[in-house]
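Chain nomenclature is as follows: A, B and C, assigned in order of appearance, with residue numbering initiated at 1 for each chain independently.
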Amino acid sequence: MKLVRLKAIAWKEFIQIGRDPRSLLLAISIPVFLLLLFGYALTLDVDRIPTVIYDLDRTPRSRDLADHFLRSKYFQLQSIAPNYSHLQEMLDRGQALMGLVIPSNFSRDLELNRDATIQVLMDGTDANTATIALGYASAITLLYSQELLLQKMNRLGAGKISPPIEPRIRIWFNPDLESKNFIVPGLIAVIMAILAAILTSGTISGEWERGTMEQLISTPIRNEELILGKLIPYFAIGMLDLSLSVAMGKFLFGVPLRGNGLLLFSLASLFLLGAICQGVVVSIVTKNQLLSSQISIILSYLPTFMLSGFIYPIANMPKLIQFITYVVPGRYFVAILKGIYSKGIGLEILWIEALLLAIYASAMTFWAYHRFKKRID
Amino acid sequence: MLQRLKSMLIKEFIQVFRNPRMRLILFLPPLIQLIIFGYAANTDIRNISLATYDLDNTPESREMIERFASSGYFRIAHRVGNPQEIRRFLDEGKISAALQINDDFARQTRQRQGTAIQLIVDGTDSNTASVVMAYAQRIVAEYSRQILVERIRTLPNIPDEMKKPFFKKGGIEIQSRAFFNPNLESRNFYVPGIMAFLIMLVTLILTTMAIVREREIGTMEQLIVSPMRPIELIMGKTIPFALIGYIDVLLVTGVGVFWFEVPIRGSLPLLLFATTLYLLSTLGIGLFISTISRTQQQAMMTMFFFFIPAILLSGFVFPIANMPEVVQYLSYADPLRYFLIIIRGIFLKGNGFRILWPQMLALTVLGTIVFTFSSLRFKKRLE
Amino acid sequence: MEERTNQGWAVEIEQLVKKFGSFTAVDHISLKVKRGEIFGFLGPNGAGKSTTIRMLCGILTPTSGNGKVGGFDIYRESEKIKQNIGYMSQKFSLYEDLRVEENLDFYSGIYRLSKEIKGSRKEWALQMAGLKDRRSSLTSTLAGGWKQRLALGCAILHEPSILFLDEPTSGVDPLSRRRFWDLIYEMAGKGVTVFVTTHYMDEAEYCDRLALINQGRIVALGTPAELKTRYMPEAVWELETDHLIDSLQALKESQRFSEVAVFGNALHVVAKKGEDLSSFIPSILAGEGIPPKRLEQIEPSLEDVFVSLIEAEDQENGGNK
């Protein structure tokens, strides 16, 4: 390994990146953009569900029930339905996600000490939202009916009673339940993975297509010098983006970093190294920019976004898919990020993930070094 | 004109389909993504790992825990003997919540003032945490109400009705029905949506790269000096990929319906028609990107810059209704948004033109503007 | 820079073969190149020239056969070969988005030129290419001839003893081509071995020795003079008349000559060696009433040689096609 040759390659790559300001701009703006989107706009939290109320009872009791629903932050009144087909239409059009039907004998049943039934009709298209909305509806209804029971018991002479059991809930690690506190750390993994793929996918295949690679392989340059030289600028950009993301997380979103920042950066650089080398391998194998870009994108965003536990909990996936996630490096990086950010834990708990990331990085680097042949065939 | 167009189309098709790797790229990623989205994209919160710390150890406390276990939402992962273990398991991520029952639980429930159980929730993942809380409240409320009902029955002067079976539950019950997706399968939501996602991805990448690639290699010049008219060039560069778009629609529909058993209640021809409108936008964007990119690398990065927000703001994963007002307005410019509504409407709701015409109109308007603008720009670049 | 020996052949190949699938690009080629020689590899497109050069540079693995460049084996010692050669690929292979001097700096780094000579070599290359006052221009803005010389400069910054040039003058204007060959002569004069491929027949005349290659096989090997005399199976006669096309027609119809073609404002007639056509041709023309203005046997051009050889081969292989 001769430093001079390494420097020559790295410097050339830097010049080329600099000469193409758009790539640089995109490399920086994509993370910013993603952070802004995820930090401000995107959430899976379910609230303000547009609801239609179809009250056939129209008594103070039924209005009280409806009130309990609408007072919570989860449901938002869209309209009062004059008839059933209006409700149906709202659901069909997607203007409401839930319809609450209070039958005409609702308060009468309650008076007569019978179990009363209400109907909740959901738009099941978005199963996630529907399930959660139903959960909230059930909780509200149960609490309300318990309240009614207590009132009844009071009237029957039992006196004022509190509910027998109440849950006292304490939230650890993220007391205000800010979704950005869990989105932003995980997002960093997605950003790094996508960035690495976009930056590197064309680097080797592009030179083949332009003919400069043929020239290069006729020189004394060695594999490690070529690959490392190409890595360095992309790695620098990646670290820059990492710092930018962490800074934005802290100063713009106020996401607290409870753990060790140095640990975060070192483990992140392992992931970055692996992701960059992965992109280089794809570039080497395909020798074609169109293909390498497609393959790289799929291999980076898909696992990191879908299978890493970033948005979708791994525990909810079918067993087979869970097995697959074991070989997704993003999984370990996301765990590390969430752990360091929210829980403030360190290597004593995260050592397995750290080790696996190290293996990922070295395996990819090794593969890139080995797969590259200074020959045309 | 048709003759030249035909030769150009044939050339494009050969270039795309003769390359075995290309064939792989066209069909393998959609399938893989379908499978992953179909199986992995699941935010249903079930099997929440729970640790229990029961200091009471009475039939009542065990009943409480049993209700959590059999709710279908929680899974008892550990029964701990001391509070430090709770801390440790939470730190290590082995549990998402912990239930602590104090030693005089059973006794206290019979008292006037009632009692409380402690629930510690890992708030790292706030989405899950909110849902966990709601489920826990529901389970606790159900048990609490049960106790109340039994207690009422012991009161001296209760009305007769309360002794009857009509008063079993002691309150209000919910009867729920989920329209369009009765079993609330996540995949019914995602799998059709993938179509929109895939079409945009494929047509964008292919159109942009195909044009820029020719420019890079130099064969574009060759085409420019030929008698080929710009409109023919544009059509030649977009029609093959439009066709691939249609193939993808059919592919996803096929796999979705036959493998994932996603229902398709609406009309397939309507879907294909809507696809055409959608393609206007996606191909138009691809065309536009090709006019502002000199190299394939640039093209790819620019494409991503368009693609990522288009996906994220479309309602594919994150519901638009939950976004801030400003951002919701932005999503009106996103063709994916409309196409998703159409797709989900056709598949799950059986919606027809009567209901979906606003979205189709929006797609038409958007697509025409984008495509025309891009074509004009493309024409200008040629001269 | 290592060199195994200063004596001996610069390039030796024996029965070199390269197959791509079922297609044989290089079919049992053997030749030896002396040190300091300008050796030309001449042939039509697709003949196997680039493939051969790539194998010699160590960037393509032969299917079979032996070869040594600078004394180093092309299979096992390709990296040592790369340290001692300069290679200019067909596409010129410059970084378009780098400036002229940035390209030069890059290759200086790749070849590890020492600090002392880096500067002087760079200046020399700029001087040689005529780009001294365009050192800060982006390479993409250069015209063909300049790029060519810049590419050459990049290839010889490290003063290699053996230079491989693959179609270095394709797409370059004639003046630049001439200048380029002046440079090659200069280097050969200093003892550099130059192995060059070309499909320009006139350039072949500049080489010390030539190999004519067609469909992966060597058809002829020798100095230009040797090729024109010993190898040329036929003789070439030049005929001037006032009615060129009619003469052409008449001679062709007689079917007595292997080739009749227009050459400038004369005709070249290719016939068997030794045959005396000085009276035969006029007799044919007399039938048309065309008097010959000038008729003499001339030295065949390399193009004539080549075409004849190729056609002879094709006829031989006619049954096998």
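Rule of thumb we're sticking to: contacts are C-beta pairs under 8 Å (C-beta built on N, C-alpha and C of every residue); 3 or more make two chains touch, one makes a residue touch a chain.
Everything quoted here is computed from the prediction, not taken from an experiment.
Taken as a graph of touching chains, this assembly forms an open line, each chain in contact only with its neighbours along the path. The most distant chain from subunit B is C, comparing centres defined as mean Cα coordinates.
With each centre defined as the average position of its C-alpha atoms, the distance from subunit B to subunit C rounds to 62 Å. A straight line joining the Cα centres of subunit A and subunit B is 12 Å long. In whole angstrom, the spacing between the mean C-alpha positions of subunit A and subunit C is 61.
Residue positions of subunit A with contacts to 2 or more other chains are 20. Against subunit B, in their complex, subunit A makes its touches with residues 20, 22-23, 26-27, 29-30, 33-34, 37-38, 40-50, 65, 91-94, 97, 110, 112-132, 134-139, 141-146, 148-150, 152-153, 156-175, 177-179, 181-182, 194, 198, 201-202, 206, 209, 286, 288-291, 293-295, 297-298, 302, 306-307, 311-313, 315-318, 320-321, 335, 338-339, 342-343, 345, 349. Subunit A contributes residues 2, 4-5, 7-9, 11-12, 15-16, 19-20, 210-212, 214-221, 374-377 to its touches with subunit C in the complex. Residues 54, 57-61, 78-79, 82-83, 85, 87, 89-98, 102, 105-112, 164 of subunit C touch subunit A in their complex.
Touching subunit A in their complex are the following residues of subunit B: 21-22, 25, 29, 32-33, 36-37, 39-47, 49, 64, 90-93, 109-110, 112-131, 133-138, 140-145, 147-149, 151-152, 155-159, 161-162, 166-186, 188-189, 205, 209-210, 213, 216-217, 295-298, 300-302, 304-305, 308-309, 312-313, 317-319, 321-324, 327, 341, 344-345, 348-349, 351, 355.
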